[in-house]
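Please read through the structure below; I'll follow up with questions.
Letters A, B and C name the chains as they come in the text, with residue numbers starting at 1 for each one.
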Amino acid sequence: MAAAVELDGVNVTFGDFVAVRDANLVIEPGEFFSFLGPSGCGKTTLLRTISGFIEPTRGSVRIGGKDMKGIGPNRRPTALIFQNLALFPMMSVAENIGYGLRVRGVPRHERDEKVKNLLIQVALAEHGHKQVSELSGGQKQRVAIARALAVEPSVLLLDEPLSALDLKLRQHMRAELRAIQKRVGITFIYITHDQGEALTMSDRIAVMNAGVIEQVGNGRAVYAEPRTPFVASFVGENNGIRGRITSVANGEAVLDTPIGTLRGRNPVGLAAGQDALLFVRPEALRIGAGAGALFEGEALDVAYEGSVTHISMRVRTGQKLTVTLGGGAADALPQPGDTLQVGFEPRDGLVLAKAADA
Amino acid sequence: MKAGWVQRLALAVYLALFFVYLLGPLAVMGVSAFNTPSYPQVWPFEGFTLEWFGKLLADQDMMYGLQMSLWIGVLVVLISVPIGLAGAIVMTQIPARARATYYLVVVSPVLTPGVIIGISTVVFWREFTTMSGLRFMYDGVVMTVLGQSSFISAYCMLIILARLQRFDRAQQEAALDLGASYPQVFRHILLPFLKPALFSAGVLAFLSSFENYNTTTFSILADKTLTTVLAGRVRQGTTPAISALAVIIVAVTVLGAIVYEVLKRRDDARQRARQRAASQAEEAELGGEPAAA
Amino acid sequence: MSGGLPLIIGLPLVAAVLLVVLGALERRHSPAAGPGFFQRNGVAVGLYLALAVGFWAFFIIVLPQLAMVDMSFRPKLPPSQMGGPKDVFTLENYRYFLFGSTTSTASWNILHIKAFFLTIGVSILVTLLNFAISYPLAFHMAQSAPVARLRVLLLLLIIPYWVNEILRAFAFRVLLSSGGVVNKLLLGSGLTSEPIDFLAADVGLYMGLSYAYLLMMIFPLYNAIESLDKNQIEAARDLGAPWWHIHAFVVMPHAKPGIASGCTLVFMLCAGALAAPLVLGGPRTLWFTPIVYDRFYQAFNWPQGAAYALILLLTCIVFVLAVLRLFRLSLGEITR
């Protein structure tokens, strides 16, 4: 079976600006795939390239094994859910959902039947006659989904559709989107800058930065095994410490840094003498212990949140690090101004190459 | 608050003077339409009569002119609204460097005196129709429609452009993405969105054409419209029949304004009801949360 | 017919085609420039857009103006001689405007020159007068009138707006003629013993002009002032600025595009007014537009009429440019 979407050396440039650089990717049928990255990283451009609104400057997009060159957005087997939903205000809910069928020339009775089923599927059975402006945010969301599903696309593209919703509703919609995807079984390509969304919903995630896909993997992989400093610091909280590698052995690297000698894993196989960054998650830092290293700093701020406590501390170089303690430590919390000894286990430290431009 | 009192009085006096100036002449003219003397006069009011309305309706030239004015108005609407629409759409798509020149060309008729538009239209079409053998096109009605369309299309374009600038391009893309062809997007999405502006443009185009004199008087040649007949009558002498015409025009305008107001209020009420429904649905969705939280 | 027409039609068309071709070439050399015109609109809609705008811009706007310019530089000839050896470019029509003769430059054409300058001068005065009359009302409507009153005021303004120019002028004639209401009042109150002939003194004409185009000033002013944030005025007032200071340094700078727009429109309409001078002018009234009309339909000298029209048009263009320069605005800002 052909891949749902294949990107083969896709480049998109606007004048001198490179929006997407050399994207290579295979997305499998039935996969819930997310592009995660900050705004301006090129993820929306990539989505619009897949849906056909932008032609790649170089490289090719294949959907279902077929090259999409020269095929406009209205003739691709994709459906896009827009960030602002772009529901048609002059049409009723049912007319919105049936629009794709109408322009395909599906006869009215067949269309009505299908729209009715879709309305039931998205729990809007009673709302077909209403105007879009009469609906709540969540209901509009479901109309947009039904409208896109009506044309039976092989790939559904979603451009941060939840960003306008209330927090509570957003969490509810994540579960609902995932459930819909499981039910209809088609490929979902989801775009977001919210790592929580990406991690909870996706089978796989592509993390993007400055037009480049930095890493592709499942949620655990991009969180626990980041391959680049950007991924390490963008997905989840992280502390990055600069230094130079002095020695490597047994998949570990020893780093000489201004705050001491630190040891961590070396997943990408860096060599001694290279400039590098050591990343350690706030929850991996321990007070007063750690074989990876031990260094000193001053507590600036202690935020007790019940199950966890976040401590912001400043080390000798002036850099700020975050330490997250579990709930059990509540009795012995440090005070702002206290001097702390902090350390971590070598398996929790991750040594990555310093990015060329960093 | 003595100052406030003085200010309010000054404002009231000013407003009163202003509207006496604005409406007074029309009112005087209006009253003279119902007064019996054959010279339009208000005072002394010698007796109420509808005679002048009868005279007006019996005036063959006037009625013929009215007919032509209505006919020309319809043609101008049919030409200016589509041109204005095309002009507005092109304005949003034209490359930025050409935009200023394009804008200058299409908006220039708005700032050109009507007589000059009339003159240039006649001059050009006389030569063009002679040269191209389309002599039958050298016709008062044709040229009046064309001449009026030059600036009325620009009015229409400006009205439509104002709404077009609020158009969400994602709507167009959404329709394309769902499989619509370009003409379908235009018909199903863009035109319905622009409908209110197209309607306003149509009304404005008709009214502008109907009341136009400066361009028409040059371009109509031997034919007549209501305004050119009217101008002839006014020059010949003053009769209350002309006042009667003004009364009718004012009455129709007021009626139109009232109908518009009623429709607008009804539409506003509908919008409000929808918003209420939406916020109720929103509350139901977030359900259970105490309002004070 | 005149020999200039093929050139008049040809040159702009060639220029336009050249521009389109250059644009297309440039597009080809810059990748990812977005979809092309026909790709973006589809062939049918694209064709409609191109034809409608092309017809409008060329056949209704540009070519007629150029034809008028061309004609103004040609002699008056019987149709049989048009395009013949005598059909050459000449300045005789302009010479006539200045000297009252197509050949001699011995004496000035005082009547026409005087009418021209009077028209321009009066138009400027009417423009200023209308601004002064309209500004307080526009400000009141935009900033301090309660909503209910605003609706009434707008309605009261819109009704006279659609009464055409001739009828408006006629209303003034009813008002100001020797047997009119104003004279009756004056006589009745004993202020004068004889009716005043307002029309012969051109007072009627000037008032009629001001009256006819009052609303052209109010609506642009109102729109511009309305968009000013009320808080700005409040803030200025809190800082103790006197009222004239607020208007001169807060409201008017903000309303600049509206002021320019209103002034341009009123001037243009005044200078090009035809109905008011015909209805309200006395036998000795001087106004430029009726003179232009007479060149065409009394003297049947079209080239001369075209020259006169061009003089008027150039004056209007100069006025618009002067206003734009004075207010430091672009054309787009005043034609909203």
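Definition applied: contacts are C-beta pairs under 8 Å (C-beta built on N, C-alpha and C of every residue); 3 or more make two chains touch, one makes a residue touch a chain.
As the structure is a computational prediction, the values presented were derived from the model and not from experiment.
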Ask   = By CA centroid distance, what chain is farthest from subunit B?
value = A
Query = Which chain, with its centre taken as the mean C-alpha position, is closest to the global C-alpha centre?
reply = B
Ask   = Counting only C-beta pairs in contact, which pair of chains has the most of them?
value = B-C
Ask   = Measuring from the mean C-alpha position of subunit A to the mean C-alpha position of subunit B, what distance in angstrom results?
value = 53
Key: For subunit A paired with subunit C, centre-to-centre distance based on mean C-alpha positions, whole Å   = 59
For subunit B paired with subunit C, centre-to-centre distance based on mean C-alpha positions, whole Å = 17
Key: Shared interface positions of subunit C, touching two or more other chains   = none
Query = If you look at subunit A, which of its residues touch at least two other chains?
reply = 72
Message = Quick check: what residues of subunit B touch more than one other chain, meaning two or more?
response = 181
Residue ranges of subunit B in contact with subunit A within the complex = 168, 170-171, 173-181, 184, 188-189, 192-193, 195, 271, 274-275, 277-278, 281-282, 284-286
Request  = Please give the residue numbers of subunit B that touch subunit C in the complex, ascending.
outcome  = 11, 14-15, 18-19, 21-26, 28-29, 32, 39-43, 82-83, 85-87, 89-90, 93, 95, 98, 100, 102-117, 119-121, 123-125, 127-128, 130-131, 146-147, 149-150, 153, 158, 162, 181-183, 185-186, 207, 210-214, 217-218, 227, 230-231, 234-235, 238, 242-243, 245-246, 249-250, 253-254, 257, 261
Inquiry  = Help me check something: in the complex, which residues belonging to subunit A touch subunit B?
reply    = 51-53, 72-75, 78-80, 82-84, 86-90, 99-100, 103-104, 130-131, 133-139, 147-148, 151, 166, 168-169
Query = Which part of subunit C faces subunit B closely enough to touch in the complex?
reply = 1-2, 5-6, 9, 19, 23, 37, 40-45, 48-49, 52-53, 55-57, 59-68, 71, 133, 136-137, 140, 151, 155-160, 162-175, 177, 179-181, 184, 211, 214, 264-265, 268-269, 271-275, 278-279, 289, 292-293, 296, 302, 305-306, 309, 312-313, 316, 320, 331-332, 335-336
